[in-house]
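Below are two complexes that have chain A in common, paired first with chain B and then with chain C.
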Partner chain A sequence: MSKVIVVTSGKGGVGKTTTSASISTALAQKGKKVAVIDFDVGLRNLDLIMGVERRVVYDFVNVVQGEATLKQALIKDKRVEGLYILAASQTRDKDALTQEGVERVINELKEDGFDFIVCDSPAGIEKGAQLALYFADEAIVVTNPEVSSVRDSDRILGILQAKSRKAEEGGAVEEHLVLTRYNPSRVNAGEMLSKDDVVDLLSIKLLGVVPESQDVLNASNSGEPVVLAQDTDAAQAYLDIVERFLGGEVDHRFLEEEKKGLFKKLFGK
Partner chain B sequence: MALLDYLLGQRKQKSANKAKDRLQILLAHERAENKAPDYLPKMRDEILQVIAKYVEIDQDQLKINIDEENGFEVLELNLVLPDEHK
Partner chain C sequence: MSEQVIELKGSVLSLTVLHIYSADINETKASLAKKIEQAPSFFVGIPIIIEPKIELSDPTFLALLVEYLHQLQMIPIGLRSKDPVIQEQATYTGLAIFPEDTRRPTNEGSDEKPRAAIQEKQPEQPAEPNYAPVVMDEPGLKSALVIERAIRSGQQIYAKDRDLIVLGSVNPGAEIIADGNITVFGKLQGKAIAGTAGCMNAKIFAKQMNPELVCIAGIYQLADDIDEQYKNNGLVEIRLKDEQLIMSAM
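Entry: the complex of A and B
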């Protein structure tokens, strides 16, 4: 059974693409067959974060419009077996995607035996974002512990509950919260919303917390999903997230300030 | 200095608490608004026009809400009439 996952947030710049890339990669590492699709037509970025920007020949819009086959457009990842990327078009406008076209591509991926189809949503609540979430079985809502991001996430949750296909059929998309750019010391200082605050406000199940980290920028600089930088906190956080997503019981980590020893306080960074 | 900040900091409300309080109010309001039927703004305008035929009112003085109470949907109209003595 294939599952369609939308990674969405409403607000831009909170880590949707980073999360899509890392979750897809980790799912593939677990032996799943995964396709990750960039829905941000006109402003594609997933290819860059995944480090396949020079291998894009055909894109999502080409497939939707019948100018290329799905097989031609899917980019096979060279690092992880079973991981495929479908890039967004850089040149077309947002209207190039149609609901029927998107449905055809998703159905074809299902027939090809993909276990997970990860839809990386564009920011906003316009057509692109609505198409990305329409066919979803599960939603991963990426939120920063910051007022405007929480508000926008709440808005996107409202849209999931009203305008997704599941909702239209009387069901519900399963919702998960991924809290990114979390800074435990600022939370302790009372300067940042805590994970409990955000869970409380959005009343949604917490899938995981990703600490704010230099490693995320380093990873995107080099076109590697951060989850592949295995010894970093961010990678560990994403691995936990995927473990939980697949039903495993893993305690939440990275919620407390790193205890610094005297030596590190004096000489460390 | 840090000690001073710490002591002063205790006295004023922490910004995270402010954020939570503001969001709690805002989200409750926006959820109600988004759930409201599409015809509400138009109905509000038409009701206003009718009332304006008889009384002089301020456009912003009409509040219209749909609430749910005990399984019933309640349409609530709230209008402040102008002060007669003016």
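Entry: the complex of A and C
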């Protein structure tokens, strides 16, 4: 059975695309067949982070508009088996996506036997974001530990409860929280909200915490989802997240300030 | 023993009637959802009479519809139909059966052109002929509207003519409104407005609060005006006295 996952946040720049790329990649590494779709029409971002921007011939809008087949537009990842990317268009405007068109694409992906269809939502709570979440079975809500981000996530959760197809049919989208760009020392200094503050306010299940890390920027500059940089904390965090998403039990990590070792203590950093 | 304990009185009430034009439950639900979306808070807690305009062969239709209306926080109370099969379904579902509308003016039917699967009559237009006046016993007690989940930023809940009880939290940016009292068992961090219809006796209770605004019968206080000792500090009662909001820790 295919599952449609929306990665959404309300607020922009919190790490949706980073999260979509890493989660999709890790799911494929686990042997799942995964399609990741960039709903951020006009901005095109996912293809950069996935390192496929030079391989885009047809994009999501072309398929929605019937100008290309799904087969022509799906870009097969060269590193991980079973991973496919559907890029957004840079040249079209947001209204190029229609609900019927999106539904047709998602249905076709389901028929093609994809296990997971990951929808990377644009920021905001307007039409584009609503379209990205409309067909979702599950939602990964990406939040940063700061008030405005949490507030927007709360807002998008309300929209998931009211405007998704699941909700309209009387059901509910399953909600997961990913708290990212978490910096324990700034939390301890009172400059950021703590994990508990955020979970308390949003009252949804915490899927995982991703630490603030330079490795994320390095990875995206080299066109590689950070989850492939195996030995970094951020990669480990995303691997844990996918493990939990698939039902595994893994303790939460990256919540405490890193203790400096004796060597670092003696010689500074 | 002259003290009166109960009294049954006939009374004419205006109720919203939901006309059903499709026997397909999914189509009906989708159409309802669309309608509600236009004014979500308006429909919360309103009593509904269901009036099928077509034959319903699916024996579960009515039960599913009632269930869905409850999910949308409306309160289906009765059915209006002559069809004995549907009447039987209604009895199982616990709906009262109302007689077919005999009071309709004779010009009825002339403009009845169902476009969607559902048409419902807006109570804003009391002159509407289809807006069924029914005679029923005055309900002595209107129970509170109970919301079991968190109310999130951007959401609004309105308990018309009654109390509101929220078991979850009222998050910043959310708004809860009641004509009666308000009780919040989670954290109250949004806006709470009680006694909207002018009831000066209405009260607000919150187990833990740091609200953006509290208001009773039009008298309000903003976050900054609220004494710090009541914020995030256990159960607080808010009431109105001499046109002033009085808070007390309990």
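A few points about this structure:
As a working rule, the second predicted complex is superposed on the first by the 263 of 269 C-alpha atoms of A that agree within 3 Å, B and C clash if a C-alpha of one lies under 4 Å from a C-alpha of the other, contacts with A are read in each partner's own complex, and residues count from 1 in each chain.
By definition in this document, a contact is a pair of C-beta atoms (placed from the backbone, for glycine too) under 8 Å apart; a residue touches a chain by one contact, two chains touch by 3 or more.
Just so you know, these numbers come straight off a predicted model, no measurement behind them.
After overlaying the two complexes on the shared chain, residue contacts for A:E243 are found with neither chain B nor chain C. In the superposition on chain A, contact of A:K163 is made with chain C only, not with chain B.
In the superposition on chain A, A:L201 contacts both chain B and chain C. In the superposition on chain A, contact of A:D215 is made with neither chain B nor chain C.
In the superposition on chain A, contact of A:E174 is made with neither chain B nor chain C. Overlap of the chain B and chain C interfaces on chain A comprises residues 151, 154-155, 158, 162, 201. On the chain C side of its complex with chain A, the touching residues are 26, 29-30, 33-34, 37, 40, 67-68, 71, 150, 152-155, 168-169, 171-174, 189. Remark: chain A residues 146-147, 150-151, 154-155, 158, 162, 187, 189-194, 197, 200-201 touch chain B in the complex.
Residues of chain A touching chain C in their complex: 125, 151-152, 154-155, 157-159, 161-163, 167-170, 201, 203.
Against chain A, in their complex, chain B makes its touches with residues 9, 14-17, 19-20, 22-24, 26-27, 30-31, 34.
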